[in-house]
Amino acid sequence: MAAINLSKMNQEEVIQAVIDHGGAGITKCIQCNACASVCPVAKAGFPLFGRLLFRKLQTGHYEEIIEDASSWACQACNRCTEICPRDAKPFEIVFAFRRMQAGELAISTSAFTPLMSLHATGHAVYSETSQELREQVGLPPVPVTSIADEKAQKEIQTLLDNGPMGELGIF
Amino acid sequence: MEKCGIYLGCNIPFKAPDIEQSFNKVFPKLGVELVDLEGATCCPAWGTAPSFDIDTWLAISGRNINIAEEKDVDIMTGCNSCFGVMSEAKHMIDHDAAKRKKLNENLALIDRKFKGNSDVFHVSHVLYDRIGLEKIKESLKYTLKELKIAVQPGCHILWPTEVMEVKEKNSFFPTILKELCEVLEADVPHYSALNACCGMGAMRSTDQARSFGLFKTKLVNMKEEIDPDMIVTTCSSCYLQFDGAQKNLRESGEIDFEIPVFYYTQLLALCMGFDPKNVAAISATPRDQIIQKIQSEARLIKQEA
Amino acid sequence: MEFEPNIIGFACQWCTYAGADLAGNLRCKYPPSVKLIKVPCSGRVKPEYVLKAFAQGADGVLVGGCHFGDCHYKDGNYKTKNRMDMLKQMLEEFGFDPRRFRREWISGAEGKKFAEVITEFTEEIKELGPNNKLIEEVV
Amino acid sequence: MAKVGVYVCHCGSNIGGVVDVEAVRKHAETLPDVTISRQNLFMCSDPGQEIIRQDIRDGLVDKVVVAACTPRTHEPIFRKVLEGEGLNKFFFEMANIRDQDSWVHAHDHDGATAKAKKIVDSAVAKAKNLMPLEDKYVDVTQAALVIGGGVAGIFSALELANMGHKVYLVEKDPSIGGVMAQLDKTFPTNDCSACILTPVMVDAGTHPNIELLTYSEIESVEGYIGNFDVKIRKKQAYVDWKKCTGCGDCADACPVRTPNEYNAGLDNRSAAYIHFPQAVPKKAVIDMTSCINCGGRKIGSETRISKKTGKPILAPCERACPAGAIDRSKAVDPEGEILDVKIGTIVVATGYKVMEKDNFKSLAPDSPNVLTALQLERLISATGPTGGKFLRPSDGEKPKTISFLSCVGSRDEKHHTYCSRVCCMYMIKQAKLLKEKYADLNIYMHFMDVRTPGKDFDEYYTSAMDMGIRFVRGRVGGIDMLPGDKLKIMAYDADLAQNIEVESDLVVLATAIELQDNIKPLAQKLSLTLDGSGFFKELHPKLKPVETAVEGVFLAGCCQGPKDIPDTVAQAKGAAAAAAVPLAQKRVKIDPTISEIDREKCSGCGICEPLCPYGAITMVAVNGSHPRARIEMTQCKGCGVCTTACPSAAIELHGYSEAQIMAQITALTL
Amino acid sequence: MADKIKLGFLLLGGCAGCEMSVVDLSENLVDALEHVEIVFWAPTVADVKYDDLESMEDNAIDVAFIDGMIRLDEHIHMAKVMRKKAKVLIAYGVCSALGGTAGLGSLHDKKDLFEKAYKNTPTTDNPDDVYPQPECLVDGKYNLTLPVYQDKVRLLNQIVDVDYYIGGCPPHHSHVAAALNAIVTGQLPPKGSWITNGKAVCDVCDRNPVNKEGDNRAMLYRVLRTVDGVPEQDTCLLLQGYICFGPMTQGDCGASCLKVNTPCRGCGGPIPGVEDFGAQAISSIGSILKDESVTNQLREKYPNLSKFFYRYSLPSGILPKKM
């Protein structure tokens, strides 16, 4: 691979964007690799996890990695946050990057279904077949959650529509 | 009777309602009245609002917690993801005045106000910390003597410890679920990948093959090190992965064994003598045999006079 | 022009004053609102001085000492706490916004904390606005 | 009317680069009572000082204000200038426009300049109200106290003793030696720790000028430089040290087993014990917290006679002692005895401890095969629990693979943010010693980065690589416990860019160095402060590395910050030299910025008396009238707590008077 | 015999208790009258109109005593008139000098005070919300006026120059006698001073541990109010935990309150050199409370600290009223 000319990278801007999206720890990372050593994303073989993602961001990479789906494999297990010696809260940086990706709709198409379902029913996961299963074990076909509650659905729609997510045109 | 708001989430009521039913059976018997949280929504799942905008996340979590506040109860959830999402949200709201202000601006749109009176608990925390092992022991009808359990506490109940009301003594070597199983008189040996991730959730929807790969490592590790009679978890996501993905692996010929999987309250309900048709009826990995074994005559606990 | 609060800080020479010097060494940034009056110990600060500063128009007053157990003179800061906590209550009884008055323990090692406290204090006072009222009333 | 001269310093670009120095100078010129206002690139330089001297000589100024850096470092320099010109040196005031202005407001030039003007206003206001003060002198007691008998304390004591000063060397343990006595070998020369330390210990133990007080602790410290009154508690040993020959028979006879501190808890010792084989002094003690009083032989109980044998019933330790040094029927004070000593100067050398592994939850602390590096040091030492045989604790098997983890508790915001400085080197040392002995041993060293700043250090590190010791760059995130007492290291090899796992028989944690647990009370007794890292704070990080904020108290060794043995010895000798200065001068100056009572104003209410932290205030009857307060000059340290409390406004704190502070408040507000 | 010294007494916002202290001089007053004559004493003794004082020649009175604080415009007017008529003006008693107990009214606004006084006391029946008005037209032609109520309590020296101050509520008659003696013998201190021995109550208090052999001042380990039990006789009240302002109050009273087992509340005013009584009291008392728990006890027992510490001196403080 050809060498990267770091002086031409947009480091300040990318770092600021990460901070603005909730990843204030990005400047603290010293590449000790502790997060990577226990990260399920790394262990499962995804290419862009923890320390490597942070280094990319620290050096101003953004366009180059915007489409990478690794960050969406983050389980939010927070083991990294628990052990990070710099208290950089790696999980929060990963999610900040996710939010940057989401802001440009650089997300997999499979992510849209739960979002639309959340907007419509208040539940990210729902299937009609559940009614049968519930009756089978002696429960009423629908629970008392928002699924059967129009007012609750209105409320969740108000919250979603009035935030930045409403502007993405997903719903 | 102590009261607790039961927050169902999505997976439990729609994919594994027998877990929901096990809550309904187990908790009243242990002296906890479950209070419905009408109109509760998704927590919201990590892949939804938390991946887009923190304030929207806090608004939705804050709304769910607010439903409990209005009924003057704490929240109990059986899903680790819901627990993690809402605990972190609550921690942020409690410690960041600006975020809290924004939250209440958002909640004002739907005529709600976050007060901060209700705490977020996990089912296993309520069982372990508020009910206690002693009371569970008194409620049992069947013993699990000489049965070996591999426990799967799951991730979000362990980390970050900062946000939790009830904490493990050492979150990297958790013992709460182990103790909850041991009170059923089962054998719960340590295995090395105890705190490893199961691969469910965001990872599975992003890349199923890699998710299964991670899962298989863990499952095989369990099998090889301790060869358990069953796997017991207190996370509904882990439950679905262990139950469902195990089937996938078997069908694709990657493993040649099967280990029945229970959500802890299902197992507890069985030990209390409840009907498996209600509390342990839906699974991809068969468990009829082990259920029969558990509720057999030989395992009846003799009541002392 | 933007309102830049005038904060008078009474700082013990062993902890808070040293902490402020350390903030300089570390090049921590904070608003130029605070001017310190060096005293040997926060126990040297009379409540009267705080009142005087306010009466003469200071927008905020800070009394800074050592953490408990760190006092160079063993327990001067305990006296400070007793005196200043009562003073703060009294200020409130006088209908004076007690947020304009702070008692902080900042050690000589806490340069960063000094900068943080001043930044936050300055922001808070900016929100409260200038201490005009008292100038009119008293002087 | 005062003639105040204001001198504004650029401090190169430190101030001048941010603050408009000329504007500040001009502003000062407009202030009432200011006769001269000048600026210079470096006021503290010779030419800068000369400007002030000339103005004083010309009679232009009689009060001097320098607007520059902090008085905490530069006030003495300028006071000397005044003194040199025959002006009272307390007619000087500093305006801190660097540390508290230009350095912190570099982003706001106008704001910084405006603030500088106010700071100068305040300084001028105080200067106008300054009063002349005179230094006072007191004699220095010709004795030094060294607290801590590790390698730092031993060298400080020897150095002072060799200069001819009387030294009290106080050590809390039964023997001197400290942590160094627990080490096997020392880097980078691999010489045996005991071999180089033991002779020095003996020197200290036998030096005619050193009074060794082991098994002793500091009870209280009163007074001030040159005249400290120190109470030392000699803990109760329950063994008559005058008779004890250190034969160890009592230890052999004692049936109790309790964790052995010397072997870092890896084995047990008896309740009657000798600290370690090379102990100085080699004397036994009985640890009463673990003693079980065999035969009902509680201390001070009457000796019963056996009906069977007709002989007295004795505890095994008493019976075993050939010197008759243990007599349990003798009632002795469990609190030991208190010695009162008068001291001129004090060297604090209380050393450090390493963090326990229990602090590191992700690193399998419950496994017996996870050790701290200090435990490994004992495990491979010939005087250790295995007699130097390298066997893992869980089953006594010889390990095949061993992993070292660096920066455990160091460089970690959850524990200590500092680098412990010696871990990289001692880990390499331990690895090399093991590899030399057991060539087939697999050794993995997990580092964040290898830090080897020292003479011959980096060569030591690279030669370890030559020996086949494997270095992995990447902090270890967790350890899993495997069947068979093995441990699985979870790491990420930064250079390979790959997650790795290592199965090990033994894991060694290079845990951080930190101050001893119970040191805070001692710090309070000495009025010393701790720094942000939790170590004792030196007066200046570069120029006064052994001095403290308390005059006459000096620091040596790891209690001031982590350091290796060469640096410790160097600092110990430095502290000794500094502590010897007041002893050699034979008298010391008393700062006149202390409180004084105006007897005419005093109402004799007595409020001030219980407030003084140094007991400097007494109520004294004066001819006919009721008693009035009096402050003992040598005991007052000038905190001003009494000044503030005095309801009769009868107490003045020189240097921080009511008029001065009020003038400053007014200057900064109106 | 030389001309007698002409004295005047004027009561403003006060209770005339200070003037009772003059009467309390008893025989001493008779002796004094050999040297002094009282040419004006109103309104306590003589019924006079504004004109009676206004029409006197300037400087007709040698020494005037004004007692009471200043709350009405009438007070301001009369104080100014008296200043003109008197060669020497004495702020007599703590109200005039420091504001007195009535000065605590400055912690409330006029509306609060009026509502309390004219409507909300248990024995008041005022359904029509009638409050005092400065002007009132009666029968369409009689314009009646009342003195105008000011927004805060003022001290005499905030209206006119004051030559001397005498503290006390009321000043002890022995203090008055000493003051008269100083006037008669011409031994008055420099102008602007307090007429006082300059020492605290503790100095003259028999209970002061410092004044007793082998006893010592100590820190307070508890706080008591007199309702909590009867204090021990002879022992320092502070030592027992009863907060006493003896250490910070001028002791020209001879520690009278202490003699009847009552803690000093500070009516004598601060020791010369102390500007703000309440602030100094916080400082001194705050210093001798053993620890935070004792401070908390004090705050519990005296929920309103300003009214406690500034009982007699609030309008003289650096913060003289509610902001």
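Letters A, B, C, D and E mark the chains as written, and numbering starts fresh at 1 in each.
The rule we apply is simple: a residue touches a chain if its C-beta (ideal position, glycine included) is under 8 Å from a C-beta of that chain, and two chains touch if they have at least 3 such contacts.
Treat the numbers as computed from the prediction; the structure is a model and nothing was measured.
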item	value
Longest centre-to-centre distance from chain A, chain (CA-based)	E
Chain nearest the overall C-alpha centroid of the shown protein atoms	C
Pair of chains with maximal C-beta contact number	A-B
Distance between the centres, which are taken as Cα means, of chain B and chain A, whole angstrom	22
Between chain D and chain B, distance of the C-alpha-averaged centres to the nearest whole Å	50
Chain centre separation in whole Å, for chain E relative to chain B (CA means)	73
Chain C and chain E: spacing of chain centres that average the CA atoms, whole Å	34
Multi-partner residues of chain D (at least 2 other chains)	362, 478, 611, 641, 644-645
For chain A, residues contacting two or more additional chains	43, 79, 82
Per-residue multi-chain contacts in chain E, two or more chains	280, 283, 287
Contacting chain pairs - touch in the sense defined above	A-B, A-D, B-D, C-D, C-E, D-E
Of chain B, residues touching chain A in the complex	8, 10-11, 13-15, 17-18, 20-21, 36-42, 44-56, 59-60, 63, 81, 84-85, 106, 109-110, 112, 155-156, 158-161, 171, 195-197, 199-203, 205-207, 210-211, 213-214, 217, 277-279, 281-282
Residue ranges of chain D touching chain C (in the complex, touch as defined)	70-72, 96, 98-101, 103-108, 111-112, 114-115, 118-119, 122, 520, 524, 527, 529-533, 537, 549-550, 593, 611, 613, 637-641, 643-645, 653, 655-656, 661-662, 664-666, 668-670
Footprint of chain D on chain C - complex, ascending	4, 6, 8, 13-15, 17-18, 20-21, 23-25, 27-32, 35-41, 43-46, 49, 52-53, 56-58, 66, 69-70, 72-76, 79, 83, 107-110, 115
Contacting residues of chain E [partner chain D, same complex]	198-200, 202-203, 208-211, 216-219, 246-248, 251, 270-274, 280-281, 283-284, 287-288
Parts of chain D lying in touch with chain A, wherever the complex brings them together	362, 407, 411-414, 448, 473-478, 490-492, 494, 497, 499
